[in-house]
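Listed below are the structures to be examined.
Both complexes below contain chain A, partnered by chain B and then by chain C.
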Partner chain A sequence: MKARTELIASAAVVMVFAAGPVLSPLAHLDISIVSEVLVTSIAVMSVNLLLGYTGLPAFGNAAYFGLGAYGVALSVKYLDVNFIESILIGIAAAFLGGLILAPFLLRRRGIYFGLLSIAFGQVFYFIAYRYTDVTGGEDGMNVPRPPLALPSAHVAVNELAMYYLALVLFVVAVIMFRGLVRSPFGRTLIAIRQNETRARYLGLNTDRFIFVALLISATMAGLSGAMFALLINFADPLRLDWHQSGYFVLSMILGGAGTVWGSLVGAFIYVIGHDIISTITQWWQIFLGALFVACVLFFPRGILGTVDVLLRRSPQAFTDDDVDAAFEAHAPGEVGRGV
Partner chain B sequence: MIEHIGPQLFNGLVLGAFYAIVALGLSLIMNLTGTINMAHGSFMTLAGYLAFTMVSRGTSFWFALIAAPLIAVIVGVIVERTLVRPLYKREPFYSLLMTFGLSLMAEEIYRLIWGPNGVPFSPPHALDGAASLGFMVFPTFRIFIVVVLIVAIVALALFLTRTRFGLRLRAAVQDSEMIAALGTNTQVLYAVNFGLGIFLAGIAGVLAAGMLGLSPTSGNNLLMPAFVTVIIGGMGSLFGSIVGGLLIGIAISLTTLFIPAASEVSMYILMAVVLMVRPRGLFGEEGIFG
Partner chain C sequence: MASDAILLEARGISKVFGGLRAVDDVSLQVREGTIHALIGPNGAGKTTFFNAISGFAFPERGQVTFRGTDVTRTLNWRRVAMGMGRTFQTPSIFPELTVDENVRLGVRAHAKQAFHLRTPGGAAKAAVDGRVDELLGFVNLTAQRDRQLSELAHGSQRLCEIAMSLSTDPVLVLLDEPMAGLAEAETDRIMGVIRDLRLRLGLTVLFVEHNMRVVLSLADRITVLDRGKLLAEGTPAEIAANEAVRSAYLGEGVLDHV
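So, the complex of A and B:
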């Protein structure tokens, strides 16, 4: 996509979301659901960075998401924090979690990485589930929204404010994410996905790049989780569970792995779809499972990935996104050893 | 407290034998095709529920113990041929995601058929009592479980080392293209191997239903310890899965005795320690699986 077309398209998307409080009643959507879309897409982006761009099967990002949520929940309950402080504590918790797990995950690639991230991701689930005195265990914790940090007044944060905060955070996240994946750092991550051995022979310390990518990913997921807890005023162990990680991965695939805006598209379909289908039927999980199966079998590029491929049919200059098409086909015919 | 250690160790071994056999099935499938089968727990639950239905319709427990896993195998092979097979040539995480979707569907379908709550499934009266081995008293059913699981593991080992088919399977793990070039139909290998993994899961599922209870999520509860088992034992090593399973079983049962709240966390601490000392796991081979 040409730079100007992309800018116009991006601006249009942001404008539509800026008009969200006016538009969402027309679509019979609660504004907090749209906030949830924006917040969730930041977590999906965090998975996209690892899986879509670096090629690491990140199936444990719910751990960081949940740490963000519990960071907020615990700090609101036990410390006298304001709104911004609680979010910062949530992010710090997720960052620390990443710092603890990264040395273990870092050494492995392919399915071994996947297996490790699933297994280690579950540690925090069991801690939250078991230490009922502090975390409330299975019942979860209520998260009353703390007042915003203003020197003069204790201003309460209402749904509309939450929505615009989520939108601002999302836009900032997208701009930073786009800058990141187009920077030399991001190009290196893509090089690692395509052929790590080659990247190593070029003298790149790939472990160090993956370490930084893991920490960025954990921080983003933590921000998302912190906002999520404040949005729904609740944190429970299921936010830390590997199922939650799977939903992020599904959203990423749905939207398009290795595309900047795919995370928003995927999160939109997942959150809105969940909201609509679960009010119609109680068998939402069967639909969800079928969506996984169908998406993997028939639609592995996702929506924006497919758009990307279609657009590239027309003759145009080579862009950074070209490499993304190589994502799912980069080892054809190879029985998955995850090399 | 001290007098509980003996029985608790035995319980740990029983639990560990479950983890080992689930992990063995996972490893078989993972080693040959690189598929992390997230639906493994669902097949356990399926076999458990099938056995429950058979027994409540009047068939004997012994019949159900064999028939239920076999039906699960048939379902498993159909799933492998139709849904998993197209993904072998793709990145391994696609099959992980697909089987995750299957497990979500399966959980809900079990809920539809057998209800959201657990169902009672008790072992036959012949296995009701307890056996005294002089120094300790063991529930007969748990001894029976250990015997069956040991027989299954030994049978698997003999199959893999003493039959031509097992030999081909192990060769295909090393280099499936070469095996195909030498005239073996690798698709048959993939299907049989998947079925074998499901059969182990099925047997464990029926036995676990009698010991740990049966609910739509009961199989999935064993899945996470089985993953940890594979990591501790070392990916690529079947022997490692057995050792890893027993280690975790003992670790969990002993922490349950002393610090109940930390029972699950203990296996992660064990995993972290093992990975720090041996990054490949106890018996993992260098160079396999990145």
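So, the complex of A and C:
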């Protein structure tokens, strides 16, 4: 996509969301559901960074998402924190979780990385589930929204404020994410996905890159989980469960792995689809499953991944001249000028 | 140009796969400034030996010394930082990136910019750009620099891989069957590049090769492996005259034209 087209399209998307409080009633959507889309898409982005860009099966990112949610829930219940502090504690909890798990994960690849990620997520799930005295166990925890941090007045955060905060955080996340995947660091992550052996034979300690990617991913998922708990005023063990991780992965694949905006598209379909279909039937997962199967069969690159390919200039056809140009332009011995 | 300094030394390398001794007590010395070939019939253990030298898979026994340092158990990316570059039998590349980016990744890695969260500007950028231009010019892929590498022909991919292996400023380049699967014209082109590695860049080259015409015209030294063991070592003339080598290759007809 050309830079200008991308900028205009991005600005249009943000404008539509900025008008969300006006537009959502027209679509019979509660504004808090749209907030949920924005918040969830940050978690989907965190999966995208690991799976879509670096090629690591991040099947356990709900661990960080849930740590963010419980970080908020516990700090609200047991500490006298304000709104911003609770979010920061949620993020810190997820970051610490990443810091603890990363050393175990960063040498694993492929299915082993995926299974270990799920296993660690389940450990946190069972802690939250079993440690009833503190976490409330299966019943979860109510998360009353703490007042915003203002020097004098205690200002309550209403749904509209939550929505615009979610939008601002989302926009900041997208801008940073886009910068990240285009930076030398991000290009190296893509290189690791395509061929880790070659990356190492370029002198790169790929474990170090994966370590940092894991921490960034955990932090993003933590921010998402923290906002989520404040949004629905609730945190329960299911936020840490592998099903939750799976929804992030499904959303990423639906939206388009390895695309910046795919996370929003995937989260939108998942959250809105869930909201609409689950009011009609409790078998909503069948529809999500069918959509996922159709996506994998017909659009393996996901929705935005497919759009990306269609927009891109079709690859130039091979010609013999073209292919042999490198070989025939110079006679042997004449090459190597300039080094 | 050849000096007496030993750049790479492998002593008593052994590697077992299951019950098979793929490499059995093989030693080899690569002297600075030489083009050294490693040859042998199929299954002789050439690639296994190569992998032990380059840190792709550690040997069970033996010692590898590079630039006077024991690197037997040194991780591959550290060896690269020490000045060892390598290519693979099947070009090991980033297929979905452009030619330019493939080379740029290595140049950035070497310039310690791979970890940067912003593309550096100014002198740092100019240095990287200049080096990428140089390397693409060296393998003559400048015209194709913005093409996705998977779109290019096999030979061009191999040239790009050579440029990538040079991007980290190695002193020793290990080439694993650089001519595998190439047409005659392409083979000549790669031979020209390998000669230039030494002539223009002053590098030392160790390469695995099947094609005897290539080996005899390029190499200063030849090491022959057969069924995992060291069979012979010497100059091209010595190897061509060696009875043991001739019988190992018997029936393959590769030495007939010598």
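By definition in this document, the second predicted complex is superposed on the first by the 312 of 339 C-alpha atoms of A that agree within 3 Å, B and C clash if a C-alpha of one lies under 4 Å from a C-alpha of the other, contacts with A are read in each partner's own complex, and residues count from 1 in each chain.
In the analysis below, a contact is a pair of C-beta atoms (placed from the backbone, for glycine too) under 8 Å apart; a residue touches a chain by one contact, two chains touch by 3 or more.
These figures come from a predicted structure and were not determined experimentally.
In the superposed model, A:Q285 makes contact with chain B only, not with chain C. Shared-chain residue A:G262: touches no atom of chain B or chain C.
Looking at the shared chain after the overlay, A:T206 reaches chain C, while chain B stays out of its contact range.
In the superposition on chain A, A:R107 makes contact with chain B only, not with chain C.
Contacts of A:V293 after superposition on the shared chain: chain B is touched, whereas chain C is not.
In the superposition on chain A, A:F126 makes contact with chain B only, while chain C stays out of contact range.
Judged by the touch definition given at the top, the superposed model places A:G60 against neither chain B nor chain C.
Using the contact criterion defined above for the overlaid structures, shared-chain residue A:G179 touches chain C, although it does not reach chain B.
Across the superposed pair, chain B and chain C both touch chain A at residues 328, 330-339. Against chain C, the residues of chain A that register as touching in their complex are 179-180, 182-185, 187-188, 190-191, 194-195, 197-206, 208-209, 212, 315-316, 318, 322-339. Interface of chain A with chain B (complex): residues 51, 55, 57, 59, 104, 107-116, 118-120, 122-123, 126-127, 129-131, 242-243, 246, 249-250, 253, 283, 285-286, 288-293, 295-297, 300, 328, 330-339.
Chain C meets chain A in the complex at residues 54, 56, 75-77, 80-81, 85-86, 88, 92-97, 101, 105-106, 108-110, 113-120, 133-135, 137-141, 143-144, 147-148, 151-153, 155-156, 159, 164-165, 167-168, 185-186, 188-189, 191-193, 195-196, 200-201.
Those residues of chain B that touch chain A in the complex are listed here as 30, 33-36, 83, 86-98, 100-109, 112, 176-177, 224, 227-228, 230-231, 235, 261-265, 268, 271-272, 275, 279, 288-290.
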